[in-house]
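In what comes next, chain A is part of two complexes: it sits with chain B in the first one and with chain C in the second one.
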Partner chain A sequence: MDIRRAPPRSSSGGVEPRFRQVGFVTSAGELAAAPPANVAPAAAVSSSPTPSELSPGPLSPVMIPPPLVPDHLPVPDAAPGLLLPVHDSVTPSSPPPPSSSLPDAGSDLEDDVDVSWARPPPPALLEPIKRDHTEKNEDAPTSVPQKTKLSKAERRAIQEAQRAAKAAAKEAGLPGKSKATASGVSTTMSKQPKTAKTPPKKDVTTQDNPPEAPDKKTGQRHPDRDRKKDAPQPRMQFDDVHRMEKAKRRSVVKQSETEKRVELFRHLPQYTHGGSLLPDLESKSFLLGAIHPSVYKVGLQYLSGAISGGNARCIAMLLAFKDAISDYSTPAEKTLDRDLPAKISSYVSFLVECRPLSISMGNAIRFLKNRITKLSLTVSESEAKASLQSDIHRFINGKIITADKVIISHAITKIRDDDVLLTYGSPSVVEMIFNHAHELGKKFRVVVVDSRPNLEGQGLLRRLIAKGISCTYTHINAVSYIMHEVTRVFLGASSVLSNGTVYSRIGTASVAMVAHAFAIPVLVCCEAYKFHERVQLDSICFNELGDPDAISKVPGGETFNHLKNWMDIENLQVSNLKYDITPSDYVSMLITEYGMLPPTSVPVILREYRREHIWI
Partner chain B sequence: MELDAAVNPNPNPGAPPISAYYQTRAEHHAVVSSDWLAHAAAAAATTDGADAAAAAAAADPLPSPGSGGGGVIEEFNLWRRKPDAAEAVAAIMALAAVIRSSRATTMMELEIELKKASDKLKSWDATSISLSAACDLFMRFVTRTSHLEHEKFDAAKSRLIERGEKFGEISLKARKTIAMLSQDFISDGCTMLVHGYSRVVLEVLKLAASNHKLFRVLCTEGRPDRTGLRMSNELAALGIPVKVLIDSAVAYSMDEVDMVFVGADGVVESGGIINMMGTYQIALVAHSMNKPVYVAAESYKFARLYPLDQKDMTPAHRPIDFGVPVPSGVEVETSARDYTPPQYLTLLLTDLGVLTPSVVSDELIQLYL
Partner chain C sequence: MPDVQPLVSEFVLKLKRRKVEGSHAVARQTAELLRSVVSQHRMGSTNQAATLADAVRAVGQQLIAANPIELAVGNIVRRVLHIIKEEDMSSTAVGIEGLSVTVDSDDEYDSEHDDRPTLSAAVLASHARNALRAPSLQTLLDDIPVSTAISRTASSTGDSDGKSKSGDKTSTKKLKHDVIAAIGDLIDEIDNCYEPISEQAVELIHQNEVILTLGRSKTVKEFLCAAKEKKRSFRVFVAEGAPRYQGHALAKELVEKGIQTTVITDSAVFAMISRVNMVIVGAHAIMANGGVIAPVGMNMVALAAQRHAVPFVVVAGSHKLCPLYPHNPEVLLNELKSPSDLLDFGEFSDCMNFSTQDGSPLLNVVNPTFDYVPPKLVGLFITDT
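Let's look at the complex of A and B:
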């Protein structure tokens, strides 16, 4: 482990931080990947991370951390860069919440530098020194070498300048800067190098860390107070001018930061959504040579909510990529296996701007990139393209469509006559199960539980009734009332994590918990391609936030619009979370194409069957 | 051999058929009662007839590749007669013999023969989980090497025979392996609770007694076939202090118990077990009083089933004799087994090692890879 820290810095007082590698990490692969990654952190689509992509089981491509080294800081040498990815992988805890005045208090918890890796390398390197000197306050800068201090001051000045500029711009009534997109884009940019080692929890937390850390270190309480009083700040993750400018230039979707963010979820992107962006984007569609029209179309469909649901989004994305690949031609002086992943990454960053990736999409992208790198160098371009297209086709058919059929055949055996089956939301697989069971002539009835703001259950209800299945419809607040009638609960999932935790539409956990309290078996139906190696303990560290206005706007006229001025109420924040996690204790059985498994067997499937992803 | 068809002592003629598996157990291990004698007589009559038929089939001079079926049942019965042999092991040995005596000339034919034999065995008793699990596992274990297709048939066949026999050997020795592994869990001065008559548990306790460990055993009666009485007999013969409890006295005595030892009829994918009726109750009581529950089960009992609740299994019934005639219009619950979910089990002692319940699925996935 010590090789990674080239300057031993024994002046720290002797105690080197202990590195603990969490998750599936190879030691050699990432080291090679890290220095090139750090040298070009702002490269939108770095081709360097190919080695890291190959490492088995990289942890989550979904949430992407920002580049570790801000552009304007000199990259001292490879070592600190190497240092940081290691740090990433080590600390499992979230960064200290913004309100805590002591950034080091959080990092205090481990020997490792959880906050530091979000900071530029020099202070990170000196974290241990600082801690050893027990300077756990903002005096830290004094122990930091001159170079860092200056740069912090520099950054502070830049920050202030930006704030002033933004305040001016806001008065001018421009839509919010694409700062939020900056974060989205930069996170994508840095995704590749860090993917291999960083647990996505860290990915998310890093976005929070960079802004907090410099603030806390230098400005004591000023940034917070300023932020609250000034015009809405973008997430201050990237107070780096260069990076933000690049992101702004590059960003396609001008997502505006929500004016009021939910403090608990500062580490997640919070946008104002919706239709207001569509006309803007549509007008741009002809201007953007960079984004293939199919990808553009899919992005718009995500943005408007026309396509939702893990499988649908994944299939739409893959089909768009298939089109893009068929129209792709390798530019001169570039090779397909380097350039195409870069192109795919640019598409992915566009899609992320429209809506954060789901885990299923992340896995599919990883698969695709893997297949690209596995292409033999001797094949011609058209052969390569054809092979990739057939790979995509195989993936969709094998991992989604056929898998669904197998899941249905397993699930059917668990439906008996006179069953009352409950489902929540509108999971695509469960709908197929119900349809198939009905075709087989089983006698059962369905309870559809629904919830605001999306009211996805209504669509499911209509479709089931059209098939002739007798249904009951209720909202989630009545789930404990209706649960005593139910015999089985069928749920869908966006993903199942390595410890058997189910990550799915918000509200699922409540339904599962109530079912468990009534001793009713909960069957979660999930294709294996949605499994993920990471472990998540709560719904906060990684999630997706939707449009808060969807919550505040209640249909039914003025009498219900109590929240219509929520933006003006200072103490009020509205959060529209999209996902939650259901602990494995509440799940009786997982139905996948590999059979009916206990939730504890997810890592076994990942271990046994993921190999074919990587090593075929 | 179709005992269930021949004998139906149930007073209500419309009742579900009796499970042959539990009949067998009752015959072998229960105390002799008048009922039992009647059953045995009837059974002997049918079995002789079946045997004759099987012998006739086996005497067929040149069995064509599909006809190994008759022979397999005969072989199976041969092994099964041995009082200590588990049915599943008998099935495994019979299947191994099928390979040996097969006259197929290609892999495909051999596999079809095996499949047929396995189906025949499974249909002998549809309610026995270990039997069908063992057959399935044998098939998977023996045929899983992919490069069988590329080899010459003779080489492949000898490899299959080898594997089959190895599997048979492992299964035969399974009980001894489990007994050895379990010794660490039995300490001097401990009290354990056993339920019903499990040959594996008996083996474990035998070995412990021969190692001069000092322990005592509380044994439940195991109604309705009262197999527990037989168990206590055997234990007393080994010189182990035994106390017999009626089934309802389990919670009462749970305080003095240090651990619960049960066998299993089948281990399911969730990590739970299917065992004689009463196991679930005991596991619940033990769990609520924080006593460990150890299950001694051979690995061939791992089945790809996943019951969600007690009624989610193939029903297996056995006659219950209350000693007095049951009044008409009164239903009797005659299910012979129940399902214990994995959260009430502490450890599984198997010939693959000492495992936690979640490992069962791991093993099954690896085998069915």
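Let's look at the complex of A and C:
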């Protein structure tokens, strides 16, 4: 099997990690417990392995997939080492690869998935995951050399004690446990994963927060329950003080709620984010044995904003789950189809704490859980895992990558020569459309409209100009000014809801509205897996609140920093909404892989293709 | 007028270099400058009003040419010209009254006019017509030849030069004095335009209102503070108004007065407006067709307000009312500022490394200052007249 060396990027801008990494590393680290012994010492020492040992190309992440984990080996759930992954994958100084291939993870998967994401995060993310995957396989029990705060013996002692306590509690408290879990839907990691910090013994013991507690209780699958699981989970009520308290107690990521909440959004969680949480999470990382390192890494990338955008987040999450599945081994008294969904749910809860799920991620998770429950009971564990991994691969391939290609082919027909195309923010599909059209030789120019606080358009601008497409850049207030010159508007979407409204990055609605006022066609490009059966009337009832400090901090020095201490100022609130709703009458056409449709066709697609979508 | 030319040049330079910006400041300084022009003007014996008007007009043209976007300059110049006409008209009206009433009295007052034979009927009639016509900006051009004729006839019919001259000198001084006083009133009016507007606040804002505004307008601020003082309960959403982020400053000011304020991004306007009762904004200028020249982004807000049936209220002092009709206002009445507000120069230069085959740069950054809101989107104007 191959040993994955670190990709040529160094993590966190070249800062040497302070200790040897084990398990999942970002880039400039090597797993100390590399399976083949001959590699282990070298690996443990080296912190920046040469890229030449890697597969060809400086950044090409083409990987030959490692074989699956043999069953008898305990899957080490080594605590992640250095966790400063957030900067390596997004440094804009390093030229983003124009196209990156999505590597296959399962050995039984032939096709090379080709995705031209053109964005830094996926390749950097995928490589370490691939590496971890191999290296974790045969983690020698003794080589867990993190810089821990406790010594190994102490840890072992704590573990034993906790495990004993847990076993005792388990006897007595099975009914109690299920009651506790049935309370909050946003189940979060309990603090007890300390027990499950198990590098030595891979004992993926019970996670005691299964939302599928009913599953555990009964051994039967009803079609009803399947349907219930298909339905989106009810949302956490964030304005219910009681539930919030409970969730906070159980949460892993200690996000502090801002004291100052915008009244209008009391039903949404509002946290203070930022890098301040990263060190805290690092120190806890050793205790969080229950969260797979890949998932952990993805969570951190969400938290810091390194990965953003519906498709990128979904793919990152699915790949992390793929890893987690391959490292998963069913604990003793459990069956895979009961335990694995519980584990997935625990991962999902962790990800939710880092950043609320996007709708695309929610759909993907539903798909995965569905596939798990559809597994036949007679299949062996390794076969089951292989089948799940291939399902994930097919989902990514079919629903995202190929779908994008089909969307591009449809959308290309709508671009003529001498068009002026406007886009807002940085939608991945639209960028691919522009690139493809440019390659085909069409003459057009692009207007990129951007807005605070994320200023995503600047990244898009840079990439388009590097391709040679002439661009105009402006901010959202000037959209009325620039709309005179525009012939078509291409927008991306985070989701399209059942009544045809488009749920997307905030500001999209304004752009669509102004385009409509000028009678310019608005084309929304969205893959079908992002559709959702929910209906939403306005942007307030469901949304995501970002970090308010991002708004109050204005670049440009003292003249602009009026709101420096907005937290202390009474009567002042700052609201950083992330999404908004574009009414369907502003959208001229929806481009999906099923064709070019009016927005009113979304329920049809949901109905006709949803079964197929789940049961590919 | 050599004395006043340096002042004028200085102001022209300030306008050209955009050192002075904002309708209020510009209007005030223009009025003060014109007051100096008038006071320094050496009044001739004949056609005083006409020459004065000519002088003011010449200066005004220079100022307008310096910064055509600052419509307040033109407004004030026209107001001053109007004042001159008005004052002149009222003084000659007094003269004519005196003429018709007391032909053979021995007052000093009448001694100026006793030599005057009866004016021709035509002149009298036309003057009466002018006096009766309501003063308006459009009658500005018409009045000039008439009053010129009046003063010419008046002065030509004066027999004795000495008496006429002395009479004219007094009336000259009187005219100048009146004009200067009137311009002083105008300046006061500009300064205090907020109060009459703010008095209307109580009628507009009631209880538990939610108000949206964009950017920062002093008029809006005064308006809201007045409502707050009258103990009306309301909350304000302030859109920050990139790229100048004046919304932040406004939010801070409002909070100091105890108004519940939330700062939102401009992109969030459409999302939030469904929960808003009223949109109150300031303007840069109001055109003759009712269209509004406002800080950039306002058209977006107006469209969103229309979509959600939220009243869109524009508050502006009368010095912003402009008698011109806007033709292609987005281009002609707009100004593009530096792209560095939007894009760092570093980023910009990186992008400029690439270019098409004919060498033209691939990147173009657009940063307009103003936006045009068509009149059909505006629900209400509140001014101080």
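Here, the second predicted complex is superposed on the first by the 362 of 616 C-alpha atoms of A that agree within 3 Å, B and C clash if a C-alpha of one lies under 4 Å from a C-alpha of the other, contacts with A are read in each partner's own complex, and residues count from 1 in each chain.
Quick note on the criterion: contacts are C-beta pairs under 8 Å (C-beta built on N, C-alpha and C of every residue); 3 or more make two chains touch, one makes a residue touch a chain.
Remember, predicted model here, so these are calculated numbers, not experimental data.
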Query = So, does A:Met589 touch the first partner chain B, the second partner chain C, both, or neither?
reply = first
Message = In the overlaid three-chain picture, which partner chain does A:Ser308 touch, first (chain B) or second (chain C), both, or neither?
response = neither
Inquiry  = Output check: A:Thr600 vs chain B and chain C. Expected answer is one of first, second, both, neither. What do you get?
reply    = first
Request  = Using the touch definition from the top, say if A:Ile569 reaches chain B (first), chain C (second), both or neither.
outcome  = second
Task = Give the label of whichever partner, chain B or chain C, reaches more residues of chain A.
result = C
Inquiry  = Quick check on the superposed pair: does A:Pro453 touch chain B, chain C, both, or neither? Answer first, second, both or neither.
reply    = second
Task = Once the structures are superposed on A, label A:Asp580 by its partner contacts, choosing first (chain B), second (chain C), both or neither.
result = second
Task = Return the residues of chain A at which the contacts from chain B and from chain C coincide.
result = none
Residue ranges of chain A touching chain B (in the complex, touch as defined) = 414, 488, 521, 523, 588-589, 594-598, 600-601, 604-605, 608
Query = Can you list the residues on chain A that touch chain C in the complex?
reply = 262, 264, 450-453, 458, 461-462, 465-466, 468-482, 484, 506-507, 509-510, 513-514, 517, 538-540, 543, 551-552, 554, 556, 560, 562-563, 566, 569-577, 580-581
Note = So, in the complex, the side of chain C touching chain A is made of residues 240-243, 245, 248-249, 251-252, 255, 258-272, 274-275, 296-297, 299-300, 303-304, 307, 330, 334, 339, 342-343, 347, 350-351, 354, 356, 360-368, 371-372
Task = Could you please specify the touching residues of chain B with respect to chain A in the complex?
result = 269-271, 304, 306, 308-309, 312, 342, 358, 361-362, 365-366, 368-369
